[in-house]
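Below: one structure in structure tokens.
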Amino acid sequence: MNPPSLFTAARNVFMRDLTIALRRSTDVLTPLMFFLIVVTLFPLGVGPEANLLRTMAPGVIWVAALLATMLSLGRLFSNDYADGTLEQLALAPHPLPLLVLAKVCAHWVLTGLPLVAMSPLLALQLNLEPRQMATLVTTLLLGTPVLSLLGSIGAALTLGLRGGGVLVSLLVLPLYTPILIFGAGAVSARAFGLDAEAHLSLLAAFLILGAVFAPWAAAAALRISLD
Amino acid sequence: MNPPSLFTAARNVFMRDLTIALRRSTDVLTPLMFFLIVVTLFPLGVGPEANLLRTMAPGVIWVAALLATMLSLGRLFSNDYADGTLEQLALAPHPLPLLVLAKVCAHWVLTGLPLVAMSPLLALQLNLEPRQMATLVTTLLLGTPVLSLLGSIGAALTLGLRGGGVLVSLLVLPLYTPILIFGAGAVSARAFGLDAEAHLSLLAAFLILGAVFAPWAAAAALRISLD
Amino acid sequence: MLETLDLECTRADRPLVSNLSFTLSAGELLHVVGSNGSGKTTLLRTLCSLSRRSAGDIRWHGISIDALGDEYRRHLAYVGHSDALQGELSGEENLRVAAGLVGTVDSIAIRNTLERVGLRNIADLPAKILSQGQKRRLALARLPLLAKPLWILDEPFSALDTRSVRTLENLLAEHLQTGGMIVITSHQEHRWQAATVHRIDLDS
Amino acid sequence: MLETLDLECTRADRPLVSNLSFTLSAGELLHVVGSNGSGKTTLLRTLCSLSRRSAGDIRWHGISIDALGDEYRRHLAYVGHSDALQGELSGEENLRVAAGLVGTVDSIAIRNTLERVGLRNIADLPAKILSQGQKRRLALARLPLLAKPLWILDEPFSALDTRSVRTLENLLAEHLQTGGMIVITSHQEHRWQAATVHRIDLDS
Amino acid sequence: MLSYAAPKNFYPFAGKLIPWIGFAAVVTLAFGLYLGLFVAPADYQQGQSYRIMFIHVPSAWMSMFVYVVMAAAGAASLVWKTKLAEVLASACAPIGASFTLITLVTGSLWGKPMWGTWWAWDARLTSELILLFLYIGVMALQASIDDPRRAARAAAVLALVGVVNIPVIHFSVEWWNTLHQPASVSKLGMPSIHPSMLAPLLLMAVGFKLYFVAMVLVRMRYQILERERHTQWVAQVVESEK
């Protein structure tokens, strides 16, 4: 049996995660539904006034995206941890950060991407201006992968801990704040016809930094959790 | 060994849950911190304008309370399920609904009550009017137990299902909407100096109904999950 | 006295056990054997009323267990594949909880039981850091403590070291001598110290 | 060749195994015995590089495994207390995933292996509905499939029925004949079919 | 010098240092407070309330400084796997969290007379609040893991990731136009503050640092005892201190 190239192994991990998730289609649907429901809760809590809703909308949508991603982090490693698969992954003859990156990519495809696809609909519901729509989609497209990347660190650190689900939010949400600020900020800026380019390039910078460093941190955290 | 009275058994279950949670004080702290952090995220997303924040505040605080309770639902049964304790509970010679009620009470003491205690601080941060403060605390005091009660049904139904954490939110959040509407509605009404009594009596009615019916539904759901 | 009449257990509409009738009286042991996947666990969970049977009846002293409900469960102790331990609680606390659920808590009895299964000196460690076999011993310690007449045990010997296997065998023998009943599965052969041993082979 | 030098393993700063030195060459088997909680699992995980040792060294063909890193892991197969199965995936898919991670996937080899461990006819069921012993067999099926020289097995015989125990014993014998190495724990006694059997008792 | 890194040697060494550093901290803090509360003149704009500054500003500096120390110690513990660095990192978290809390409380108290509100969602205030959350996250993570070595390493990873927040706090006043005071003391070159106010401020800053060192040593000693409780030398120490 020839050792597969690193790339093949990573692709196998990626495909495996997709297969498992699609086997349970609710797994893909639920973060999306959560996103939708949280955004819907706000008009219920705040009242139906259109102007107020429009001002709040970028923030609300982004916070909902943060929470939906965060909630779905449990899936990233914990099933694999509980049944011992993660040990096998750590024993694979490949750099763990790259396998982690493959898992994070799968996670993003399963949660981040659907959120991005869904967001125009919500923007419509909350009366966003048409010119804000494109910015919203772009910021989410740049920002949600960072959420998955940063989240993987928190998920790895809290593996096997009781109350892990809530603990991970405590670790991860503070790290998410810059993305929230620039993401929602960009969309709000467009409401006044301002340029959002600076915000967007910052988000892109976060994405690159995250893709380079987060897998290493997450892999280190995994090895610690398995010890 | 004499069989204990029903009341003793329920008290034992209640005390056990408290002991386990206090053994891990983070378990008690994290939903609280989550509540705080979510409320903090909104100004970051929406911007710092004080008037806007004040209008949003009741809705934001209530939505955060909903989410914090919902997140902590995982703790209600799933640890007991994973390690087989729940089977033993189902095999105990006592009506399961009452043992469930004991567990729900423990859950509320550990999550709902701290939220209520924390809420005045958040009200201050979001510039709520002083007269709204008392209403906020009252609505939370009446509403959070209902959240725990309704949540127990969702938690029982999703036991052992993959992606349970997100699935439970899907089942439970729609059930939570009436409480959100009347809870946040009461606080908003006070902003205009209106009376909130009708809202409060509705919340009290929900509480009584929930306490009577939810444990039965949750117990039935538990037996189904264990089959 | 536990008896089944034409019991049938199915999994996803596929019958695993069918037309099973047996009677188990005080002091008797029923050893359920069968290859992996033959339905031993399914049968035991059905006897506990955790899973539902698809046909037939299960009776406790002549009355159907459905009619008895909690009254049946009062007489029953079950140890399954999983240990039912709270990782956060110490060994002693775990036993205390188990006892509190079905009877009064007796600290001395708990300490004696821990001594018996050889966990006395680590009784204060949280259960989650115990080794596989130590956890298993803690789960089994519920049996002598709770003093129920009917024990239903699903591979209780797994993960135990040789000394603990002997301890458990003695526990079983004592229980039978005092008029208890045992339904047990095990892949190993044991010399049961019982007056009457029934054996059901699910493979045949 | 696997060797340890004055190895020490600690749990929560308490030493469990200390000053352990052994050498394991091709075709040899190391049976680690000890009572529950004596540190067998801890030792095995340390040998896999999953847990960190607190002192001493572990060498693979003379080079410290820290220096080797992934190169060491390329030669190693580990089956621990848990089965490392994805409940959602079928038996065949589970093996396919395991193979894909460390080598090329060969469908025929997978089918033969499933045949070998007696799971061929339920290879399409999702792993979560399998019985305890069937899961265990699926986990063990990775061993012949992956063809690694060093096998580290933590109580592989648990939950297996008698026929599967024999199958596994044959697998082990074959592996040793073809120059493999095995580190194993088991509470039962086995007649190992190995040229050289080392035995480490952690209780003494 | 290296031999002091062994817990066994560090323990008595730290024990000897603590009284001296503690004493120096008390003296500096007392003198600084005296100068700040009684000698420095009232501010022509803010009257007396500005004196909160002598607590607020040094503790704000400390809240960030301690985090950096914690992250650096964490990094050292991951790289060199030394026990002492692990212990140092975990001793930092609660102290840093307290300084952050003090900053937030004193800032709020100061904000009421100055800005007419206890709290505003200004960038610096918010990022300081997030710093508190980061500290609490590190502490919560540490408390959730039983094995102290694992706990220390996990907390180190988290602390390192969170260190990006520090520049955000510091530069937030320049990046966003906000309510909060821009740097007036820590500015390079000439500080734009009167010397009679600067002196007590600097004294307080030094005092807080000394206090921090003393506290951290005390906590480290406790943890070392706890973690080495199975060893011979701890048994001897416990014996001799009975």
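Labels A, B, C, D and E are assigned to the chains in the order they are written; within every chain, residues are numbered from 1.
We adopt the following convention: contacts are C-beta pairs under 8 Å (C-beta built on N, C-alpha and C of every residue); 3 or more make two chains touch, one makes a residue touch a chain.
It should be emphasised that the depicted structure is a prediction, and the values quoted were computed from it without experimental measurement.
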{"item": "Co-neighbours of subunit E and subunit C - touch as defined", "value": "B, D"}
{"item": "Most distant chain from subunit A, judged by the mean position of its C-alpha atoms", "value": "C"}
{"item": "Longest centre-to-centre distance from subunit E, chain (CA-based)", "value": "C"}
{"item": "Residue-number overlap at the subunit A/subunit B interface, same or different (half cut)", "value": "same"}
{"item": "Interchain centroid distance [CA atoms averaged], subunit B/subunit D, Å", "value": "45"}
{"item": "Geometric centre distance via CA averages, subunit D-subunit C, whole Å", "value": "30"}
{"item": "Distance from subunit B to subunit A - Cα centre to Cα centre, in angstrom", "value": "26"}
{"item": "Distance from subunit E to subunit B - Cα centre to Cα centre, in angstrom", "value": "36"}
{"item": "Multi-partner residues of subunit A (each touching 2 or more other chains)", "value": "24, 79, 162-163, 167, 170, 173-174, 177, 227"}
{"item": "Residues of subunit C whose C-beta touches two or more other chains", "value": "87-88, 126, 129"}
{"item": "Shared interface positions of subunit E, touching two or more other chains", "value": "126, 130, 133, 136, 140, 144, 146-147, 149"}
{"item": "Subunit D-touching residues of subunit A, taken from the complex the two chains share", "value": "1-4, 8-9, 12-13, 16, 19-20, 23-24, 79-80, 82-85, 87-95, 226-227"}
{"item": "For the subunit E and subunit D complex, residues of the former touching the latter", "value": "146-149, 227-230"}
{"item": "Touching residues (chain side subunit B, partner subunit E) in the complex", "value": "24-26, 29-30, 33, 36-37, 40, 43-44, 47-48, 50, 53, 124-125, 127"}
{"item": "In the complex with subunit B, residue positions of subunit E that touch it", "value": "117-122, 126, 129-130, 133, 136, 140, 143-144"}
{"item": "Subunit E-facing residues of subunit A, complex", "value": "150, 153-154, 157-158, 161-163, 167, 170-171, 173-175, 177-178, 217, 220-221, 224-225, 227"}
